[in-house]
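Below you'll find the structure I mean.
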Amino acid sequence: MPVKKNSIRKIGVLTSGGDGPGMNAAIRAVVRCALNHGLKVDGIMRGYAGLLKEEIVVLNHRSVSNIINKGGTILKTARSEEFETLKGKRKAVNILRKHKIDCLIVIGGDGSYKGASVLFEKFKFPVIGLPGTIDNDIYGTDETIGGHTAVNTALDAIDKIRDTAQSMERIFVIEVMGNRSGYIATEVALGAGAEEVIIPERKCNFHELVEDIKEGNKKGKVSWIIVVAEGAGKAENIAAKITKLTGLETRFVVLGHVQRGGVPTGRDRILATRLGVAAVECALEGMFGKAIGVLSDEINIIDLKKAAHKEYKHINEFRKLLRILT
Amino acid sequence: MPVKKNSIRKIGVLTSGGDGPGMNAAIRAVVRCALNHGLKVDGIMRGYAGLLKEEIVVLNHRSVSNIINKGGTILKTARSEEFETLKGKRKAVNILRKHKIDCLIVIGGDGSYKGASVLFEKFKFPVIGLPGTIDNDIYGTDETIGGHTAVNTALDAIDKIRDTAQSMERIFVIEVMGNRSGYIATEVALGAGAEEVIIPERKCNFHELVEDIKEGNKKGKVSWIIVVAEGAGKAENIAAKITKLTGLETRFVVLGHVQRGGVPTGRDRILATRLGVAAVECALEGMFGKAIGVLSDEINIIDLKKAAHKEYKHINEFRKLLRILT
Amino acid sequence: MPVKKNSIRKIGVLTSGGDGPGMNAAIRAVVRCALNHGLKVDGIMRGYAGLLKEEIVVLNHRSVSNIINKGGTILKTARSEEFETLKGKRKAVNILRKHKIDCLIVIGGDGSYKGASVLFEKFKFPVIGLPGTIDNDIYGTDETIGGHTAVNTALDAIDKIRDTAQSMERIFVIEVMGNRSGYIATEVALGAGAEEVIIPERKCNFHELVEDIKEGNKKGKVSWIIVVAEGAGKAENIAAKITKLTGLETRFVVLGHVQRGGVPTGRDRILATRLGVAAVECALEGMFGKAIGVLSDEINIIDLKKAAHKEYKHINEFRKLLRILT
Amino acid sequence: MPVKKNSIRKIGVLTSGGDGPGMNAAIRAVVRCALNHGLKVDGIMRGYAGLLKEEIVVLNHRSVSNIINKGGTILKTARSEEFETLKGKRKAVNILRKHKIDCLIVIGGDGSYKGASVLFEKFKFPVIGLPGTIDNDIYGTDETIGGHTAVNTALDAIDKIRDTAQSMERIFVIEVMGNRSGYIATEVALGAGAEEVIIPERKCNFHELVEDIKEGNKKGKVSWIIVVAEGAGKAENIAAKITKLTGLETRFVVLGHVQRGGVPTGRDRILATRLGVAAVECALEGMFGKAIGVLSDEINIIDLKKAAHKEYKHINEFRKLLRILT
């Protein structure tokens, strides 16, 4: 679907799905890089929902000043049932054309990618996707915008909980985000020096865990950190089960939405910046229907329709390390 | 109950109840100040439970190096059913005497104070109490060790959640610690610029809150932060009720044990340090059965038996401010 | 200088002098409290300099949304030589009257207070001062907006430097802010467990310090933290002198402007909020020419002309504690 | 230099050169992985200096508990002139053999690698190197232990300084670590949204920078952040020069040793953990004289003698991005 370089005059950008730290850095990079190339930029508020309501604002150099280190997204995000339908998508394309937007850059997770892909495949509307999700579960990229920060936020919380786990000598089950993805849980468990991790991608041998706890208890090991991804079980239930089976007092914490917010880490800011610039350059090259990512620390471009859910590549290695080190 | 100044040779120190940031700074101050005055110091592990098991260690200058900024408590803490009984308390006193401990410094909340008070009133054993609780609910002191840090930890979490609350335009109900105390909830609500606070000390006009939300929604106000102390209701239930009555999507987060841990703030470190030194000086003066606190930023000493639960003094003022400012 | 309650219709607010964390929370409180009482609010940009250039903007409820946790000041701040003159002050008053501002709220340090005081004493213009300075050196208040945060920022930095001080076994001299005020230095030294503090308010017995270091070195003490307020000497020179006199490698760090910025702590947010509301209420009462502060944790109002530089009240106590505990 | 797998019985580990966050996580991984394989571990205190003084301690499972999130290094680090000589190195090897250490794992920068390389090449002593330096300037690895944390610490400081830069509308020159390496400076400049970066690897067109500032000033741009690596010039001198040539007030901050300390980020903890395990597995395989790193996020092993200083790979790309986005 090549388009002549000079045919692009205006870019639209939106954020979709759950918000994540670094989305603002990506928006800033898209806007400033586009302006630098003489393009105009429209910001679409509230994702696809706002697009269907024509909530569209002009973005200039100053619109994105001092947002590189702010959590959330200045464009806001929302869900849209209307956009789920083909009719909704057709309407979206008409609105984009009406506003003379030549290319739409979508920052979001794999759900948002799917919608964008249909705009391109079905309606031939030029779109480019950037991976904005804390779950790091998108094919074609090693990292996703927000993932690094979410891991550090969860680690910071677990470091605090560990103070109590050790002072009060308790078992703690800590639930982190990740419905289908064990990325945050696995990274956090390894980084926190946790004793166990429970994730949706692998079966948990709960019986073995309970035996480990019992045996550790005999040897004097009284403080445990068990990390569970939300998609693999409720921390509350797991804690209750451990208490029941071991007789040892077990507490739980659900970290929840804290993990979505906060000041993005350096790596998320830089990742988002590189991806935002690459998206604009991709548009200038007339390469559409693409998802941009980073593989081996270099920009990587694949077809949007291929950028589906993928499993975090280090899951097996990190689980093995966990077992060796605790 | 005056004792001659030179009659004190050894001090015992323990932490009891829930742990809190700054307890280590207090232990450090007790140890170093006592050593500075030529006294010996025994550390009693795991609170009253450890005392009954004679888990007693010698503490020297180096034992407390580099702990001033560490969360938790190096002496650990635990609950003890045995100590609840009078028999248990008698046994505790015998063990203290056997170890030639001339005065016991107890760092804990009002529950721990009650036990200590009995040791003094009933068994004439010299005790001194330091307010170690994040709830700031002890009579005779404006501040308690760990309270400042807990407020800042909760604020930091709410700042992050606000990123999402604004990006996704949601109502968030955030549950903070405080079973009987609205201290953390009230401070945090005012400091976070929250819209509402629900605490155990005051009735919540839930109907009014729901009307406010509905009316705000009509005017375009879509993002709400409601802070609830754990003793005043479950965030989960409140969120469900708001959703049901307003039709607006409402999320909840339970901050939980994160609030107990972490690096103590400057104010908690300094408070703990001042209190620790004052406790030792109090012991040297032969003043026992006392609780040490800070009133109007100056050391304040009252009888331990009077240091019961009290309500945070700013509750009415801060609730009024909240209403004016949102 | 009582004015009838209903005579106030519009309030002006400006920030002056060095910026500090919490100024935005104070602005927010002034604006929202004033609006809540039916008043209008003008924001004056860039302190007195902007006032003389009539850089005046209308502030509404939304102008101060989401700034309670932001460092710096949305009104910006600047120095003005013109305002130093009597002619400049007369011009300022004329501009204020032209804009129908009935009362000017000045958030700043003692230099800013002096200017405001002249506006009131000489030109009878209604002014109210709020203590906005990280130095905590203003008479009539125990705390100043930004001071708590500056202490915690410096502590956080020293905690990090201590990692290296211990790993590499070095002496570190750390320079913190405070030209005439040892507030930050003394709080930080006590909170960090530093070995020594050097401040402008007291003579430093440098000879004794050097002897302590030499003696400590013989006993195996190899890691030292010495905190110096900028007004009491250059860290670089002090470090060089220690190296020369002891032969021990000594490093220095100047924390600098980092201490002015950052997310305000809970205490600074709440302090600023209380003071901002009190200022508006004071104006409504027709009490002008006043400086508002907090004494013993309660609002305290004194004449602006009396609110000059004062010494931090805990200096002697904290220096004594430092000596006992290291 | 293959050695039979079962010939290894004891591993020695030391940290050398400047300390960095994550070194403790690496020590923990080495110790626990070695114990897991039935090996013994000796910890050598104070780097090569401590080795020459036989400061050697046994490390067990508990020795490395709760250090994964601590800055600095529990093994401490020091410089050694004696080890610089060939005689010193021979003595080191004799001590290692005397203590029956079969393989020495050195965690440090390229200077430490050079010494280790001589032990292997000249004295045939089995050594393995892990990249422990915040400068990320070692050939054969994309990342070095401590680099990620140093970048985030510097970013956090710059975020704070930016509050003042904007409030007071000043130009700030901020000096970060990096004697020969522009890694931290380049990452930090891009992540902070700085206007310019000055590094040792590239010439700085100072004239152009001054012209940019002058021109920006005409257009109303009054707040600048210029990041300089310490090896490329003194912030103080650069600030003075800008003031002189533009007439605009320019401040400077030297971040200094703060960058070496602090809680390691998740990425540094995980990197250090992976490298520590890989080092032990490498030793078990009898692969010596190697430096272990991570390329494209996978473990990479090269000859230690080849692991010299290298330039950060993204310097050109990131400088280009900086120019596009400001």
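Read from first to last, the chains carry the letters A, B, C and D; within each, the first residue is number 1.
Definition applied: contacts are C-beta pairs under 8 Å (C-beta built on N, C-alpha and C of every residue); 3 or more make two chains touch, one makes a residue touch a chain.
What you see is a predicted model, and the numbers here were worked out from it, not measured in a lab.
Shared contact partners of chain C and chain D do not exist in this assembly. In this assembly, the C-alpha centroid of chain A lies 40 Å from the C-alpha centroid of chain C. Between the CA-based centres of chain B and chain C the separation comes to 29 Å, rounded to the whole angstrom.
Across the assembly, chain B contributes residues 159, 162, 166 that each touch 2 or more other chains. Taken as a graph of touching chains, this assembly forms a single closed ring in which every chain touches exactly two others.
The part of chain B that touches chain A in the complex is made up of residues 15, 18-19, 21, 23, 46, 70-73, 76-78, 153, 157, 159-164, 166-169, 172, 251-262.
Taken in their complex, chain A has these residues touching chain D: 28-29, 32-33, 36, 66, 68-69, 142, 148, 151-152, 155-156, 159, 162, 166, 187-188, 190-193, 263, 265-267, 269-270, 273-274, 277, 295-297, 313-314, 317-318, 321, 324-326.
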